[in-house]
Amino acid sequence: MLAGAAGAGLVSRLVEPSVAAELEAKKKQVLIVLLNGGLSQFESFDPKPKTDTGGPFRAIPTSVPGTHFSELLPYTAQQAHRLAVVRSVFAEEVPGSHAAARDYVETGRSPVLGSYPLLGPVYSKLLAGKTDLPGNIHITPSRGGPRADAAFLGPQHASIALTNGDAPRNVDRPAMFSADADEARYHLRDLADLRFSQRRRTAYSEAYHSSYDRAMQLIRRKDLFDVAQEPAKDQDRYGTHDFGRHCLLARRLLSEGVTCVKITHSNYDSHMENFNFHLEQLGEFDRPFSTLLSDLDERGMLANTLVVLLTEFGRTPKIMPDLGRDHYQKSWSVVLGGCGIQPGGVLGKTNANGTEIAERPVHVGDMWHTYLQAVGLDSRGTHDDRNKIPLAAPERAPVKELLS
Amino acid sequence: MNFGTDLAPALPYPRLRSPAMPPASLRRCVALLLSALAAWNGAAQKSSALDGPLHVAIDRQIAAALPKFKLKQTAERADDAEFLRRVTLDLTGVIPTADEVRAFTADKSPDKRTSLIDRLLASDEYARHLAVVFDVMLMERRPDEHVTSSEWRDYLAASFRQNKPLDALIREILLSDGLDPATRPAAKFVLDRDAVHDTLVRDIGRLFLGVDLQCAQCHDHPTVTDYRHLHYYGLHVFLAGTKLYRLPSGDKQMGLQEEVVREATFASVFDPDVQNKTGPRLMDAPAMDVPTFKVGEEYVEKPSSKTRAVPKFSLRKALAESLPRSETREFSRNMANRLWAHLMGRGLVQPLDMHHSANPPSHPELLALLADEFAAMKFDVRRFFREIALSDAYQRSSLAPPGVSPDAMPEESYALANFKGLGPEPLFASLIRATGNELTLERQLDEATKAATDDAARTKARAAERDKRVKEFTDLFGSSAGTPEGEFQASLPQALFLANAESIAVWLAPQHDNLTARLQKRSQPEQIAEEAYLSILSRSPTPEEVAAVQKHLSGKVGDVLAIEQLVWSLIASSEFRLNH
Amino acid sequence: MSDATTAKATERLDPKTLRLVREIKHDRGVLTCRVTDDGRRIFAGAQDEFVHDWNLGELPLVDEALIAKLAPKPKTKTPPPEIPAGPPVPQTTLVGHDSWVQAMALSADRSQLATGDYVGRVAVWSTKPGATKPLRTIEAHVGSVRSVSLSPDGKLLATAGNDGAVRVWSLADGRETIKLDEHGCHVYQTAFHPDGRQLISADLKGVVRHFELPSGKLLRTLDAGALYTYSEKYTVDVGGVRGLAFNADGSQLACAGAVGEKGIAHSGNARVLLFDWKSGKLLQTFRPEKEVIATAWGVRFHPDGYLVAAGGSRTGGYLWFWREGTETEFHLHTLTTRGPGFDLDLSADGRTICVAHFDGAVRLYA
């Protein structure tokens, strides 16, 4: 039950190979970027210019010869050699619109099957090393913070929310306790726990103690969340708007060793003015995302950091009366990069005007297996702490072509 | 073993504060208890296989199993303070007051523990706490949809106040269609799951039968061979016709209707070409016979878009009648295990919803006995709790015997008291009580509701204000919606909240007659230590602890900061955070 | 605006008897349209990368076959005979854009047409029949061109786009004469004042900027912010000034759009704001009598003294007719197909309304 109970230092000849492989996986990190609301595949990674469904934007060449992205992604296009694009992702339609579809994508299971943990909590549990830092941080827009995401993994693995990139809640001491006064009260608390733990089971009190330890660390290290401490040059490169700041913050957190960082970029739900929306949103997204990707590579982190660019569903080929596109779960695009991913390729294909998958359909459940496999986790395994629930949907399988 | 006489003696300790419980209703409550008991005496003694009290049998079984855990001894009996805190938290959801600790430890009567258990079981706090416990168990912190939490909790509290048998309670919950205002709250279980069949099947399986069929929804369970796709669909048929129905009242209120469904067709996702069929069935029981009607005559009234569909034979009613009863072994076993886990910190089968042959109970005979006896006592929850609470196993200390490592005493041995984390509601109530801020809270509620025009509005507004404060705790310390409260966990946001949140700081600061204010007025460190420990940890401090307090306060008597540090260190301690 | 009673006497188009007289079908949704003085020649931009030029030529304005088809059918047992469609309207396709054409302006003398597309290109065309190649193309904006306007003297071209810029070009040589960057958000509309010495531009946030020509000096801003909403929930900007028009003497300005947010970042209810040009004072906020989710995408002053706007949403399309002094329309014409009219133009003789339809048609109403 307790995270870190078996530290990485325990690897030895006695450890079974599968366990050793799990420990090996603990060095891995993950960056998830969620384009919230439903990114249009037509205006991004699967352009269909000059067709009845293609919309007004053109396709541009990328750094991978023969692969084209929408012209709304000029910078990301230059990162194509670091990415793998899947153009044939699909899911069954589920009731409940965005939230349910997001759950489907982020848990790999249809939400009608009940609550499952999202990717972040799973990585936090299975990849977290010895770090005192939170295992699962979610940088959210100013509104619409995250919902509980850990399901049966419990609050220990639930994401720490950085609303609009601000430090977590309650990270500032109350006025009555100065830094010195803080030391004294923690010291007294430790004494009480020490006495209580004599001749008693210690698992719970150790877990409780460790939560205060981590809280204290975080209170002292509030600077971790302060993007202003990054070089001014980098702040310029990432841009001063929210998503730019959030990407730079993600770089800072990943560099400090946080296991899983998720950034939500809102909002792509373009039932009206789809083209205007995407021009604007992707205009904000494109440069910081590609800057983050190349920075991670230049810092030597990309090899151990899986990058997952997600959205809950695609958008309809049909252009609706208000120049919008509606929700589409028959096919859309997901982009991966970094750790464990074969870069530079495109998997799957849609037909000429993007109404159907023409080649290699990939279910969101298959993608979910792949997200785990890419960082060295066995997606066929089960959760150990409750009801032996399979980590990933057992009827689905990792997408081998994507794995390096 | 006469419940009536145990309850009769004048209460030797200060009565639990129960302002909402006038004497008349207390008398009514006792009368109900007694009549329930009379019924029990008539029926249960015939069917009970025991020749002595159940709690004695429990201890016999626990003792007999000790060698299995390589144990020769158990922990000693918990001292009075430890017992008082544990049983008060378990049965009423809040720590005892300092006065209650003083009175109980000073009490010399030999049967004071039995009296305490009976007094707590008869209290209104018990009914209200059990309402929370069952709300959390059955609704798993789902947001309100059609029935408000307060209506639902009132309904549950009334049920526990009158000690409604648990089978009857669950029958009502499965049966209520939400039309009759009197039983409408019971329909929350189905209504607030939007009558979604898969959700209902999963949750009825887990919560009422103790089987988690979640992974058997699309195929036989991949790792649990006992859980089959057939079980899932056998249960599914009972519910497949149930649908939401908009009541004609015009305020968008939903009730339930039912279409005629007889069987389910299903195919494994691994083998989609093989179609299987089943009629309604509970796990491995044979499929139920369903009466057939001529086509067009299946309904009480011919269904149309305007009328509510009411079949002549209701499968949901059939489920309500056949599931919660002693003949359904899974039901009595599951419920006995859940109530046991509530007091004992873990189920005989753990996880609670994983009863299957590859996950046997730690004490198979004891679970069988508890299931039988619970059924024999007609699912009388008070009676059942009372027996468990009277057992030595319940009354053991969480301190390992000298020279024995607590880690050598597994949780499932029950040789040592198991820890339970305080749930969000008990944590909130206990923090308020420990820091002496019950009055502060009352004043906060007064202040926030002073605009209310009449008493009814004020009562409602006060409840809403209190809920708002509790919500801060449920959001942080509770499980996420649709998942059960898991084992104790400690998260970073929880620690940051308890360490730094404004709402906690407010209770630490001296005001009115709260603990900090009282301690600030005391001049002797020993008195400060005594008062602080009794109020927060429900026990007196040890000499070492007194010495530590003396050291901390040396030269700082009357210093607010030093007192606040002391109070905080105790409310933030593991001893406070856990029911031990 | 003219007095209503005198307007009655010289009425050229009675909204109350307005009917659909001709339908020109296209295989893609139509985004913008302009008509010549007699309403017989129509230029349109659609969801393809061309400019379409339909010329009625010898064909009558009123398509009798269409009228017959739309007439209410008597209830008979035998189905009425199919009415044969009239001859198709001759079409010329102008090639020179690389994306959808959504901005369009016809010069006062009708000799030139300016168009703008979604990828920043502006083209200028001769309206001489048979000319299918642009006189000039300008890569005017980064991202979409939202608006093009021609000065009354035909010498200047103003463009605006999603890049937030307003630019003024010399039509003679394609040279940029002014670049105005003040908006800082998408600019949706531009218009020259009839006196030719002033230019206005209006944006997503409902800010209308008034520039002096030829200096490009910002003189003032007018507030059409009612047409803009920030969606807290979806953290996006909603609305904007979708249509813009001066009346003939330049004494009034109309801004079309919608107020509020409905559903997911979707514009709420149609509105047209009427300003007194000299004082900048808001004279009137026109609204539909029956509020439905709709945006007013285009607006025109009719020479008979009323305003007409086209718009709608996926639930329906409308033409609203308003007269100053009354908040709600004096007439509502519901378009026959679901989906909005994205743009409208009025023939100079005031007899014909041309509407660009979402469903792939240009329709003439008279």
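Letters A, B and C mark the chains in the order given here, with residues in each chain numbered from 1 onward.
Throughout what follows, contacts are C-beta pairs under 8 Å (C-beta built on N, C-alpha and C of every residue); 3 or more make two chains touch, one makes a residue touch a chain.
Note that this is a predicted model, so its numbers are computed, not measured.
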item	value
Overall pattern in which the protein chains touch one another (line/ring/star/complete/other)	line
Chain occupying the most central position, where position means C-alpha average	A
Distance between chain centroids, defined by C-alpha means - subunit A, subunit B (Å)	36
Gap in Å, rounded to a whole number, between the CA centres of subunit C and subunit A	44
For subunit B paired with subunit C, centre-to-centre distance based on mean C-alpha positions, whole Å	66
Multi-partner residues of subunit C (each touching 2 or more other chains)	none
Parts of subunit A lying in touch with subunit C, wherever the complex brings them together	37, 50, 52, 55-58, 71, 141-144, 266-267, 269-272, 275-277, 279-280, 283, 319-322, 324
Subunit B-touching residues of subunit A, taken from the complex the two chains share	1, 112-115, 134, 147-152, 154-156, 158, 160, 168-177, 181, 184-186, 188-189, 191-193, 195-197, 199-202, 204-205, 207-212, 214-215, 218-219, 382, 385-390, 394-395
Touching residues on subunit B, where the partner in the complex is subunit A	196, 198-199, 202, 212, 214-215, 217-219, 222-224, 269-270, 351, 353-354, 398-400, 402, 406-407, 411, 416, 419, 421, 476-477, 479-484, 486-497, 499-502, 504-505, 508-509, 542, 544-545, 548, 552, 560-561, 564-566, 568-570, 572-575, 577-578, 580
Residue ranges of subunit C in contact with subunit A within the complex	27-29, 47-49, 98-100, 102, 117-119, 143-144, 162, 186, 232-236, 263-267, 295, 312-314, 338-340, 358-359
